[in-house]
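Let me begin by handing over the structure; questions about it come next.
Chain lettering (A, B, C and D) follows the sequence in which the chains are written, and residue indices restart at 1 in each chain.
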Amino acid sequence: MFAYLVKRILQAIAVMLAISMIGFAIQGNLGDPLRELLGQSVSEEVRQQLREDLGLNDPFLVQYMRFLGNALQGDLGTSYFFKEPALEVILKKFPATMELVFGATLIIVGLSVPLGVYTAIRPNSIASKVIMALSIVGISIPVFLTAILMIYLFAVELGWMPSFGRGETVHVFGYWDTNFLSADGWAHIIMPSVALSSIMLPLFVRLIRAEMMDVLQSEYVRFARAKGIAPWRIYFIHALKNTMLPVITVGGVQIGTMVAYTILTETVFSWPGMGSMFLEAVNRVDTPLIVAYLIVVGFIFVITNTIVDLIYGLVNPTVKLSRMGA
Amino acid sequence: MTLLSVRDLTVKFATRNEPVTALHGISFDIAQGERVGVVGESGAGKSITGFALMNLLSKPGFIDSGQILFEGQDVTQMSDRAVRKLRGNRMAMIFQDPMVTLNPVLTIGQQMIETLRAHRRLSYDEARQIALVKLKGVYIPSPEERLDQYPHELSGGMRQRIVIAIALLLDPQLIIADEPTTALDVTIQADIMELLLELCRSNMVGLMLITHDLGVVSQVTERTLVMYAGRIIESGKTRAIINDPQHPYTQGLINALPQQTPPGTRLRQIPGSMPTLSMMPSGCPFNPRCELATDLCRANMPDITQFGEVQVACHEVQRLQADLNTAEAAQ
Amino acid sequence: MSETQSDSPLLRIENLEKRFDVDSGFLESLRFRGGRIRRETRAVHAVNNISFDVNRGEAVCVVGESGCGKSTVARMVANLLTPSGGEIHYDGQRIDTLHGKALMPIRSKIQMVFQNPYASLNPRMTIGQSLEEPTKFHNPTLSNGDIRDKITGVMKSVGIDPAWTARYPHELSGGQRQRIAIARALTVDPEFIVADEPISALDVSIQAQVLNLMLQMQEDHGITYLFITHDLSVVEHFGTKVAVLYLGSICEVADTRTLFAAPKHPYTKALLSAVPQLKDDSPNHIRLKGEIPTPIDLPDGCPFQTRCPMANARCRAEKPAAFQQPDGAIVACHAVEEGRSEPGVTLQEAV
Amino acid sequence: MSGQTAEPAVIAAPRPSRFRAVWDSKIGYNFRRNPVAIASMAIFLIITGLAFFAPLIAPYNPYDPAQIDIMNSEYPPSWVAGSLPEFWLGTDDQGRDLWSTILYGTRLSIIIGVCAVLVQAVLGISIGLISGYVGGRTDSILMRLADIQLSFSTLMVAIIFLALTQALFGSEVFGRYAVVFLIAVIGVAEWPQYARTVRATVLAEKKKEYVDSARVLGFGPGRIMLRHILPNSMSPIFVISTVQVANAIISEASLSFLGLGMPPSQPSLGSLISSGFDYILSGSWWITVIPGVVLVVLVLVINLLGDWIRDVLNPKLYRG
């Protein structure tokens, strides 16, 4: 377990270093900071002087170490467009995205486990067949299209739901305003959350079903039956825990995809989160903001993946002895 | 007193086309405390028999017809709930491979206690105490510690002892052991067999021992059923079958063992191999491999008849008996 | 048959060792012990200092329980694994250090037959293709007609109808597949066959068929066998010499008859008494107590000490060396050496 | 590798295609009994057929500015009031015939999807084979990379890469080479899917004794990998290939929707949906919904075929 822990943390650090390297390379090559700072009418001499002052003529490694040092202190540069520290811009948008992810995760976890287990236990029931048919349709509709069709149906045609924005939010603390404390907030977050979960949910239902069906074929489940254990106990104590082990691993991998989907969802619903901000930054060639987004998102991935791995290690009793990984 | 009585049990497997028959109307009895061996090669239907008794056939297998009377009740007619009350309680099972029989994410204690509490109103602590006693009964060192361990922390032999302890938890009347030592090493195998024998003797538990190993059968059981291609082709006292088998297949099986021929010489092999379920020959299923096969054998399945101490299903044996009878009558 | 035809053994194994690293990579090897981080690499000691000879025409059986290293020995002899120490000589030539082209002549002399007939044939190749590929590979000059003749001959010799060349393995039974696997080994005209549990996955009636076939090959082609098995009744029938392994070390090496008549090592005795006998309805085997150590943490001294009824302080401290007994058996046991052992438990032999 | 592999089989000659026949009949049998598979296959063939022959079928060329009249924009399809007879599916915001644009767009989507999967397959299968067969350090490094790449998700990597490329080259140059960029990024970013699948099967196959026996017979690693291991690893490759094509088409559509893929002048299904999205609030639903339906149907039938292939090739069900 110790080696496992150290290994995970070292690996996380290595990945973060690689991301910072990429971020640094982008910063150095994309857009000219002098032009952004000075405009075009400044003489070449002044430019050179400023280059020197800003340390742009230093060796690569010195510049990178400076970038890294600043990044560790939370300084990821100043957004060209907002004229604010890039990290601050992102942190302001962060809660909106996280609430969206939270809403979608709630839907996915809350529905995929019961639906997956049900379809595995009763594979031949009509309800299972309907669920499985819907799930394959679900994984075939791109997230953005689900979002658009929902807007068209529920906002434009039926007028039941608001079509864009976060609506009324309640301030909690710091940069955090929440959707979950007002009726209008709830109304605004439902459609984006559903849209965000629309591919992931059927994916997990199918995964849980497949794993569960495998586990139900195993010898230990048969032995549990031979012991006369009640079916609910076999399904939920014997089978579910074994089912969830691979599901947790896949879940960790899917966090990245989820963050990518927030960009799509936020764009369709004009959700004021990090994702839509990132696309705008790309259109404005706002390099510090792009780099900052990259690093923040990379950090989120690394943290969540490490946590997921540790959870896996805690849930799986065999991890302590045998090695993890392949 | 008869503990278990199986009558004309037929098990089929659903396939794409017609269902295929895995057990062809087999009948046998097990008396209280009796140890019965079921011998045969892979595909003979011996494991299927074991699982059918517990009503635990996995899909696509199903019981087509016949009766399984356990303590006077027909298992095939019982509700799921009633069968569940029987399993692990009156009738327990030991599986082949201890490495995959225990749930890897539950501790030994959890897996034992849940079994007790599924059948009896017991507090957690009471159940734990019983589990401890049973672990001691199968000679597990430091049983207290084992209860909190996970299966992967124990060796194969130790796990099979735990499986046996679980089977004995509720003092069942019958234990069905499906190749309980095949996955284990020779020295461990002998230990486990001895333990099983000792426990069955001392607790007066009936044992149905499913195995391919004639040596094990001869050491542990009192009566033996020999199966071939889904049928019982010979049954009787184990001694009688080992010392004087009547069916050509049983004879072939015993003669093929390396111990039966002097070292370095050719073994007496049975030609060919067992037919698969979908390509069953007509008549006696053994006829394509049998030296004595006649047209009668190729046309009709022989009935089971008493011959000396054993019951055999073989036309040749019947003919022999008829000859003997006429000879006697002539005298 | 056990008489040697030439002075030097055909296969000589000297001080053979094999370790498998458990922890690969730097981080794997870090341990947290006593408040400090230490680096230690753990290894499975699969084979420890094993030596024995195989003479031409012999069938040497290596017996032992799972994890005793018998398959590892077989794989090293067949050059599927590289030894961590020691030497393997074949016909006077050291073969464990050979690679690539230099290995080719040995490849056609030493062949291997495997345990699982369901996995030892390529499922995507017909029987014909499976036999044709090695024949062509080792005899590039043969014409197509010659190759066909050779394959037909080999198939006949293992009792398979040569018309079956176009069949796929999944159309055959386990016994038939094992015959094809033997036929494939024979396509390159080997002198020596390493058979790794070739019959343990088969049913009793089929085991006899395959064993008979192997005996016949021995007579027809003069093949020498290294036969790996856990089944002592097969050893008694088939082997001329037996090596008993326990946790990667040799316990006893003896002629089959000597070993079965007078086993010396306590483990050999226990192993022999554990075999269920047909005519014996009151089993009386030597019960081994104690746990089997893992090959990662082998104890000092004799590997069998934890289960041995005769272990004493010396056994726990000093690993016994192999020494020869008056009847020719080689035994590695302090108790036997000191004459500490009680007269062996009488063994009922099946006659 | 020896050159002998190219020679015809000596022995197997009498019945060379017997296994093929069994194989085909098994798949064929399953196919004939499965109405969902038949319907999916039919729809898939119709869509690809129409898309492939788009230049012959389409009444207009959406890439030719001379054939586009902005005055024709936002005509509804023929079954809605106010339609024009020459545009039976209506027109888009730029006045292009929607039917023609969808035909061309579908063709682009399929080409990008299939080519990207080819790139993935070549990269992934070679890396997976090497990783699985060589093992050791090479394997652990490659698989760690695959894990990290996977946890960042294809879409994320593609978005960042394309966003940076676009910012670097400007949208005009980007638009010209968008097809290449899309194929490259979706192809490269998804290699771990293949690599992991192939590696897993290689590891499973490598343990089987036919590989050991090939080594004992003296065959070299190249021959063993290509002639023995790879043919036995094809089933999972087939199965994931279908799913991967569906995913690649979705990825392309998503990227184009974000404006990081095909430009509006050369619309794929995704960029068509994207351009229609701005008009959906004003009621011109067809510009979005009709290409959307085509996209979903295309992906759905591929996924259904993928499910069916997986059920048929499932090694657990197939005795071999």
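Operating definition for what follows: a contact is a pair of C-beta atoms (placed from the backbone, for glycine too) under 8 Å apart; a residue touches a chain by one contact, two chains touch by 3 or more.
Not measured: the values here are computed from a predicted model.
Chemist: Counting C-beta pairs in contact, which comes out ahead: C-D or A-B?
Modeler: Between the two chain pairs, C-D has more contacting C-beta pairs.
Chemist: With chain centres defined as mean CA positions, report which chain is farthest from subunit C.
Modeler: It is A.
Chemist: Centre to centre, by mean C-alpha position, how many angstrom separate subunit A and subunit B?
Modeler: So the centre of subunit A lies 54 Å away from the centre of subunit B.
Chemist: Using CA atom averages as chain centres, what separation in Å is found between subunit C and subunit D?
Modeler: Each chain's C-alpha centroid was found; their separation is 49 Å.
Chemist: If you average the Cα atoms of subunit B and of subunit C to get two centres, how far apart are those centres in Å?
Modeler: It comes to 32 Å between the two C-alpha centres.
Chemist: Roughly how far is subunit A from subunit D, centre to centre by C-alpha average, rounded to an integer in Å?
Modeler: A distance of 25 Å separates the two centres.
Chemist: Find every residue in subunit D that makes contact with two or more other chains and list them.
Modeler: 140
Chemist: Multi-chain contacts in subunit B: which residues touch at least two other chains?
Modeler: Not one residue of subunit B touches more than one other chain, so the list is empty.
Chemist: Where does subunit A touch two or more other chains at once, residue-wise?
Modeler: Counting only residues that touch two or more other chains, subunit A contributes none.
Chemist: So in the complex, which bits of subunit A are touching subunit B?
Modeler: 217-230, 233, 237-238, 241-242, 245, 315-318, 321-322
Chemist: Quick check on the complex: what are the subunit D residues that touch subunit A?
Modeler: Touch list, subunit D to subunit A: 139-140, 143-144, 148, 150-156, 159-160, 163-164, 166-168, 246, 250, 253-254, 257-259, 270, 273, 277, 280-281, 283, 285, 288-289, 292, 295-296, 299-300, 303-304, 307.
Chemist: For a test of understanding, state which residues of subunit B touch subunit A in their complex under the given definition.
Modeler: 54, 56, 58, 84-89, 92-93, 95, 97, 100-106, 114-115, 118-119, 150, 152-153, 163, 166
Chemist: Which subunit A residues qualify as touching subunit D in the complex?
Modeler: Going through subunit A, the ones touching subunit D are 11, 15, 26, 29-31, 136-137, 139-145, 148-149, 151-152, 156, 163, 252-257, 259-261, 263-264, 267-268, 278-279, 282-283, 285, 290, 294, 297-298, 301, 305, 325-326.
Chemist: Name, in rising order, each residue of subunit C that touches subunit D in their complex.
Modeler: It comes out as residues 24-25, 75, 78-80, 103-104, 107-108, 110-112, 114-116, 119-124, 126, 128-129, 131-134, 136-138, 140, 144, 147-148, 151, 165-166, 168-170, 181, 184-185, 188.
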